[in-house]
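Two complexes follow with subunit A in common, the first pairing it with subunit B and the second with subunit C.
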Partner chain A sequence: MTKPMDEMTWQEVEPGGVISEPGCASSYHTGTWRSEKPIYKEEICIRCQRCFIMCPDASITPDFEKNRMVWNYDYCKGCGICAYECPVNAIEMVQEGE
Partner chain B sequence: MATKAAKELPKEEFILPGTRSCAACGLMLTYRHSLKALDPGKTIVAVPASCMTVLHGVYPITPVKVICVNNPFAATGAAASGIVAGLKATGKAGYTVVAFAGDGGTYDIGIQSLSGALERGTDFMYVCYDNEGYMNTGTQRSSASPAGAVTTTTPILAKLQHKKDMLRIVEAHRIPYVATASPSFPLDLYDKVRKAKEIKGSRYIEVHAPCPPGWGFPNKDLIKMGKLAADTAVHVLYEIVDGKFRLTSRSLRLAEKGGKKTVADYVKGQTRFKKITEGQIQALQEFTDRRWYEFMERHQNGRS
Partner chain C sequence: MGKKVGIEVSIAAAEAVGLCDVDVVAAYPITPQTHVVEHLSELVASGDLDAEFVPVESEHSAMSVCCGSSAVGARTFTATAAQGLALMAEIVYIASSMRLPMVMFLSNRALSAPLSIWNDHSDTMMVRDSGWIQVFCENGQEVYDAIFHSFRVSEDPKVSLPVMINVDGFNLTHVIEPIEFWDKEMVKAYLPPFRPLSKLHPDKVLSMGAFGMPEIYAEQKQAHDVALTSSTPVILQGWDEMAKLTGRKYSAVETYRAEDAETLIFAMGSICETSTIAVDKMREQGKSVGLVKLRLWRPLPMGDLRKLLAKAKDVVVLDRSIALGAANAPVTSEMRALMYHEPQRPKIHCMIAGIGGRDVTPDDVVKMVNMALSEKDYEYHIYGVRG
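Right after this comes the complex of A and B.
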């Protein structure tokens, strides 16, 4: 796993500043930016997957086995697009920490 | 073949969560759907200094699963041409080279290298995500900013000039594919990137990417703003394949069924237009209408 810059020594830097391991940002939790949290109401959801399509951060994934949508709160930035775009209001934004 | 339902879009993600882009980033949504449409194992992305570099993360961490080359601001077209030439020289076939640049890197700073690459007929795809300003460095005026918009370099009078018609400039190079898209219409965007991927030669797609912090609207309205831009014909969705013009998606429906909204509806939801005067709204409306009727006419001519 790639280390953050401040934990790296200069010997560990690849020649040319190349990043050899793709998709290694999962250690960076953008969920801490959030001030409002989306709450999913499974019983109202019609499974149109619009929230999955419209999420800019790919934090919503459809779980086909359980037939529901899954939020990844480690990375959800709380923009509220999913709640606003939901045609049946199955997502509610609540203040973080309540 | 047009994708009909959202459920048909691929589920696999090529840009992982954990990006450093702002919440509700129009670019991020564009990039996510574009990478799904491309074959990420066989794609090389060229990126200038822009919001895209921020999205790609701070060294040595990146959320992107494609091969990416970071290049100087003015050299996106040249860097992409170099990659194409390098692939050809080393005998690697089947790769798609895609350049992703912002409006600053396309309309202003990168126009010479883009024009050079298009003139040479380089086999690559150029995607310009137009967020109407230099958003990465703090909302400075670019030639893509609309008239009446307050930016940090036009704080008192707001921008006086209309937006540059970059698409006409690109079209004048007579390249095989020119299109416009919007992240608010992901199916349309997906189809256009898919189509462009199959075409040989230079391809240009311009994506209108709303920017909540730069334009001054709530994060949740991202999709709404993109749709409003199409409904007011501020951004018209179309494609030109080998010189044949065709309106698509929402703009096609607007041309057939009517119901165009006024620019005033689009302007009032954004704080960047807080200093716009009635006269400027009128001028913007006339500018938009003139473009829209031109497009309608071209659409009719393309059909017959």
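Right after this comes the complex of A and C.
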């Protein structure tokens, strides 16, 4: 796995910025772009999975074992679509760091 | 040893490119580069050169084709001048930042406006910070030899950077000179096949030209800068190996009667030959004057230059372009910056000479040196400007 971009030294950069490992974009954590964070309220959630379908970054997945939705904050950019789409307001956007 | 022929420098350069068995030539015709490209198209049309000649619709496309062909591992050549280089500029930076080997013949010409087809260095100074290896040539033989050297250096896996050969438009491109040719065996011995560091090929998938986030841009620039500055040993070795083959020895900086000189003329390109005559004249008058000729503009041979310049009392830089509104003309600025922290440093004067193709004779060089030595202000001057 290629090192995350923000940990690479100049000596480790491939000549000309060539990317020799296909699909390594996943090592770049777009979650660092987030200014607001979606907070999941499990007790309100009706498990409709609309958030899972709508998330443009595939950052929400259903956990069937535990019967709940799970967020991957490494890639969630905080766009708020999930909170907007949730029919029962089970997702709240809060300022990052609060 | 090859045969000596009287030939136009542009045609000789094209012949050299042909001898290097180039794979792709992509260029758009522009004065005074035209003869190079024209002759290469003839070589391809006649079947003497097995290459892809891409008659693109603009210089922007020419440089884009060159990036593509270099990226698949093809030996790549282009040529341009002034406005053509300006149109290319966007991709010029991309070629070097992506570490794509290729050779550009730049027939130096003044940038418009006013529209000028004549020689100065304003075009090349526009891309001096682009991260290409950049060399200047003094005469036709140097131009011819530089083609072989540039391909060798550019494609060396330790370097993998594009090389720009600066050739003064008309003053050099269109003159007929006796040039000693290389033969195929010499080229074969000197120039190994192109084996790129990485190339686009279906057998091994990779991406080139990806975007760089703020987290990685600085690292990539640092890596490029180190690659450029550490290409010097390969450049020098290329000249050493050439000396063994041809008997002609080139180096990054050369001097003429500079050993004990109190005053040094500093020049790049064909004006160096004019300046040697001026040096002889001044020596005859008992003046302690010598000449420093810079061949390797990028990466700048800083150590060599510091050593040479520190010995003089005065350095007169013959700048071939003007940097409007700047502290000084480009080459002078750089020499002053280079010497600023030296315990012993000369006065560095700036004479902007021969812009837009204005003729510079040996007498003009003598006059410029005299003017510089008597000046009070150390500002830059356009030599010979009326009014």
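The rule is simple: the second predicted complex is superposed on the first by the 77 of 98 C-alpha atoms of A that agree within 3 Å, B and C clash if a C-alpha of one lies under 4 Å from a C-alpha of the other, contacts with A are read in each partner's own complex, and residues count from 1 in each chain.
Just so it is clear, a residue touches a chain if its C-beta (ideal position, glycine included) is under 8 Å from a C-beta of that chain, and two chains touch if they have at least 3 such contacts.
None of the values given here were measured: they were computed from a predicted structure.
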{"item": "Partner chain in contact with A:11 - subunit B first, subunit C second, else both or neither", "value": "second"}
{"item": "Partner chain in contact with A:89 - subunit B first, subunit C second, else both or neither", "value": "neither"}
{"item": "Subunit A residues touched - subunit C or subunit B, whichever exceeds", "value": "B"}
{"item": "Which superposed partner A:67 touches (first subunit B, second subunit C, both, neither)", "value": "neither"}
{"item": "Partner chain in contact with A:28 - subunit B first, subunit C second, else both or neither", "value": "both"}
{"item": "Which superposed partner A:19 touches (first subunit B, second subunit C, both, neither)", "value": "both"}
{"item": "Residues of subunit A that lie at the interface with subunit B and also at the interface with subunit C", "value": "5, 8, 13-14, 17, 19, 22, 28"}
{"item": "Touching residues (chain side subunit C, partner subunit A) in the complex", "value": "97-100, 160, 197-198, 204-210, 212-213, 215-216, 218-220, 222-223, 226-227"}
{"item": "Footprint of subunit A on subunit B - complex, ascending", "value": "6-7, 9, 11, 13, 15-26, 28-29, 32, 57-66, 186, 212, 218-224"}
{"item": "In the complex with subunit C, residue positions of subunit A that touch it", "value": "5-6, 8-22, 28"}
{"item": "Complex contact set, residues of subunit A against subunit B", "value": "2-5, 8, 13-14, 17, 19, 22-30, 33-34, 48-50, 53-54, 56-59, 61-62, 72, 74-75, 77-81, 83-85"}
